[in-house]
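Shared between the two complexes below is chain A, which pairs with chain B and chain C, respectively.
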Partner chain A sequence: MAQEYWKWPESDRLSEDVDWRKAKKIVAGVDIGTTGSQAAVFCDGALYGSANISTGYDFKAAADCVMSRILEPAGMSLNDIESIAATGFGAGNVSYASKALDEVRCVAKGARFMFGPNVTTVVDLGGQTTKAIRLYDWDRVRDFTFNDKCATGMGRNIELMADILQIPITEIGEKSLMAEKDPEPVSTTCYSFANPETVGLFTQGFKEEHYSENDVLASYIFAVSWRILGTIGKLQPLDPGDFTVYGELAFTGGLAKNIGITKRLERELYKTALTSEYDPQLAGAIGAALLA
Partner chain B sequence: MERFRSILENFHTYAENWKKRSGGRVLGYYEPYMPEEIAYAANILPVRIMSRHAADDVTDRQMYGNCYCTRDMLRQFINGDYAYVDGLVNTEGCQWLYNAFQTTLNSKPELYGYYLFMPDYPDGRTSKDVLRSELDIFKCRMEEWTGREISNDDLDRAIDVYNENRRLLRRIYELRRADHSVISGSEAMELVLTSQIMDKSEMNEMLKAFIPELETRKPLSDGVRLMLIGSETYDVALEKLVESLGANIVIDELDNGSSYIWNETIPQKDRLMALSLRCLGRPHSALKDSVWRRRPDHIYRLYEDFQADGAIIAKQIYCHPHGTDMYMVWKLLRERNIPYHTFERDSTLPYEETRQRIAALIGMIEPGITRLSGWSNS
Partner chain C sequence: MITCGIDVGLENIKVLLLKDDQISARACGRSGGAGRSAAAKALWNDVLKSAELSASDVSKTVATGRGRKDVTFADFCVTEPIADAKAALRIYPKAVSVMDIGADQVRVIPLSEKNGTSQPAFNQKCSAGLGTLLRYMSMRLEMTLDDIGACAHNPAGGVTVNDGCIVFAELDALELLNQNTGREDVACAIIEAVVVRLNAILHDKTAPPKEGVVLIGGVAKNAAVVSGLKTRSGIDFIVPNHAEYGGALGAALLAAEN
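Take a look at the complex of A and B:
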């Protein structure tokens, strides 16, 4: 089978410190995104199990599969779970969920759990949408913005680029940071333009004459980062005209694992993002579980 | 309500039947500043050119880069859906609509075409006189085209019919207020859109029968009350989506929504001046609000009057009037701490993506709502 450059490694994890059979309350959250699906199971407020898989084309199958990745090794059944909340683009396909919640609230809640209570700006870098969320000091959303048309499918486009360039997606970010200096970014208005423009940099002999492979990747990732900055910039400032990121910043979603993007965003925002022991893609599922 | 809905869904059929029935001409128009009364006085049916959701395989050659709505307007002419239209009028305004108007005339040279100048600064000192003289020329052209003189009596009759229609639709809007909200956002929008393609005198009779029926309805449970701001829309998909999430759009500030019906023509001896003043005095469209900014205040007044809890700004992709004016609206909403969400829409409303956004907006607003006792929908 040909190497799937676009694919992030799938994962599942069960905590050895928690015995679910002794738990008084078990809740779960399922986040069915356009590219990745995640599930999280909590036992008495502690994260017991989590799973992260590629969604594929069948949302319903993904919903069943991602939950089974926790239930089967744990010997648990859906009946053992008191409440299950679904979120994400495919939330309506989670037949076993008792409620569907909006992504913004779930990601915000999950980020507070993963990164601590001081998080006030969450940037969720997903496969289909980028969401910037500003939170009050308490767990309530103060404002949120999404990317708009011409910039949808950002994560999906990077997957596409990984496949076209035959560079594993896990390495793109790191390679882009190896460029000595960020070259001029490719198109920042539309990924449909950015991708062929990047491919063009390879095919026109640019690579040999002007840019190294890392330079080309830097140009591309720089453009993606600028586009994300635009979404963050649309968040309501505390004072008009002030775009400073107040409080603590956290990145969630699949692209939060792309160091090329997060480092560039940190540089432009003059802010170092918080880190977490959890997979940043789990934010939605964790939040959904906590709100279930 | 079903009768209005059926007319709106089959608006081409309605206009074709009207033409057969009355023997009059049908004049399509694009812009919100159209002085319909002058055409109506000459027994012409002014119909708003509206876009629909359909696959477009014909307009790329002519209008690549325009917003979807204007491209679809051209598509419908090329495909013959608007074959009953005898002429087109465009008033000075949106460049995309102008492009649709001009390109349609290029591809359908048999159509009568008239371009009506509309001052860029509605509040300018000379604007009312300039527009009055433009309306005078437009009236003469309509007389030439139909071969029929437009008398003062004709104009008075048309002004009365249009004023009555606006008054009745304002009454519908009043029934969206918080203390007695009996009509949903989608229904109200359907009615306003219907008025833009129907013979107003016929619609007035229907509205007079419908409003008493509406007033006896049980008040709705609005949930979160939202205001809709942004580009013109020709369907109610967004309103219905909002309603499916337990909220309601209780007021809009759209050129073909509330702004279309908001002000009446105040009769005066100089009928054309009266029409000129109505056109200039209507809520500013985004394009005409560049110097004397009245639009933000108007939006805020509507927001307060209709006791909305938040706002949705839905901009059509590539809509340049709202693309540039949106930032002034953001400023207004931010300064007043009004929760809102902005998004771009295309030919269709991407259901799941939009649902996520609206659900998040409702989720953001809902915990902060406190209703005073006595609210019917609390």
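Take a look at the complex of A and C:
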């Protein structure tokens, strides 16, 4: 079988510092996204276990699988967990959850846990949707924006590009940053225009102008970042007098692992994003667990 | 005389060797991005090896497809419609029109005038990537392209997805999966959407003839798409074996002529 460049590696981990058998209260959150699914288990307010898998075609199976990736190695059963909350596109498929929660609320909550209580701008870069969330001094979400219909599927788009270009998806971001200077971006309207255009850049005409593979990827990732920037720009401003104030900025979701996108967004927003020890894709699941 | 045709597409490279007007060897491989030029060369070497020939035996190599300029060792390049037209007339000498369904582009070329270079119809901008959509769905549904092609075509009843735009079609497919629709049903819905788009392209400029239409390109290998398109358009297409080598065949024939 040919190498599957488009697949992001799956992961699961358990904290060694926490003993769930001694915990008084165990809660869990499950985030079933269009592309990836995550679960998080908390013991007395501390993150005990997490898992991150690819959703695949069967949402029900993904919901069961992601939880078992934590339960099985821990020797835990669903009955040990007091409350389980589901969120995300496929939340309805989590049959063992006691409630379903809104994604925006979960991501905001998760981001405050992962990046600290001062986060005011959360940008969630998912497989199909891009969300920007505005928080103030309190935990409640004050404003949020979604992508326009035609900026949908940004994460999935990069999967497809990795497959067409035969470049591992984990390397696309770094390679795009190796370009000396960002060339003109490809189409920023729709990815079904951007993808063939990107492939078209690899013709000899393009090479004659001394464009390398990295330059082509830079042009492509620049276009993706451009679309994401449009979503962030629609947010209610933190300071009505100055639209360039973003406060503490955090990126979550799968594309937050693409350094080419985060670095470009930071450059355009004149702001360095916060970093976290946690996998940025876990924001929704962590938030759901904390709200469970 | 031995000639070679290379068709460098968005997803795949096809190489075909023609010996004294007969096909003697063929090979197909992934294009990739920056490695496209090297991939074409490697595939060319593979074909020569399988035919037990050396590079000097090939009198001419002609490239076509969107990445044709990457084939640095080609003697000359031809555009896709010209190669398609040449191949169609070889496959079926009485052909009056040819439709090439690729990963990215769809072309309909009438062959009545000037060997088809007069009035080709292309996909409208928003039906770009129909072949790519099928590939992505095969990745997503964890079915091979052959599995998808084997899905029974069922236009009446069942579930549907958006037939205007591949991005929306995918979103609809995800929504169906989220509702626990079976993956075969989702594949059928995707095929139906592809067929609707293809039929629209077929009728874009003029009403197509009812017979003598040759179907080539990678998507022509998908049995469900072909039978669906036959039913919807009422055209009895001529689909050759190894339909994806259409462009490469045309290029090799043009190499032999010039």
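Everything that follows uses one rule, which is that the second predicted complex is superposed on the first by the 279 of 292 C-alpha atoms of A that agree within 3 Å, B and C clash if a C-alpha of one lies under 4 Å from a C-alpha of the other, contacts with A are read in each partner's own complex, and residues count from 1 in each chain.
Here, contacts are C-beta pairs under 8 Å (C-beta built on N, C-alpha and C of every residue); 3 or more make two chains touch, one makes a residue touch a chain.
Owing to the predicted nature of the structure, the values given are computational and were not obtained by experimental measurement.
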First, second, both or neither for A:Y278, with chain B first and chain C second: neither
Contacts of A:Q236 with chain B and chain C, given as first, second, both or neither: first
Touched chain A residues, chain B compared with chain C: C
Which of chain B and chain C A:N93 touches, first, second, both or neither: second
Contacts of A:F113 with chain B and chain C, given as first, second, both or neither: neither
Which of chain B and chain C A:F222 touches, first, second, both or neither: neither
Which of chain B and chain C A:W8 touches, first, second, both or neither: neither
Touched partner set for A:F251, first chain B, second chain C, both or neither: neither
Touched partner set for A:Y48, first chain B, second chain C, both or neither: neither
Which superposed partner A:W20 touches (first chain B, second chain C, both, neither): neither
On chain A, the residue positions that both chain B and chain C contact, one per complex: 89, 92, 128, 149-150, 152
Residues on chain A engaged by chain B in the complex (per definition of touch): 89, 92, 101-105, 128-129, 140-146, 148-150, 152, 234, 236-237, 240
Interfacial residue positions of chain A with respect to chain C in the complex: 2, 6, 34, 56-60, 89-90, 92-93, 128, 149-150, 152-153, 156, 159-160, 163-167, 190-193, 195-196, 198-200, 202-205, 212-213, 216
Touching residues (chain side chain B, partner chain A) in the complex: 317, 331, 334-335, 339, 341-344, 346, 352-353, 356-357, 359-360, 362-364, 367-368
Interfacial residue positions of chain C with respect to chain A in the complex: 10-11, 30-36, 66-67, 69-70, 72, 104, 125-126, 128-129, 132, 135-136, 139-142, 165-168, 170-171, 174, 177-178, 180, 183, 186
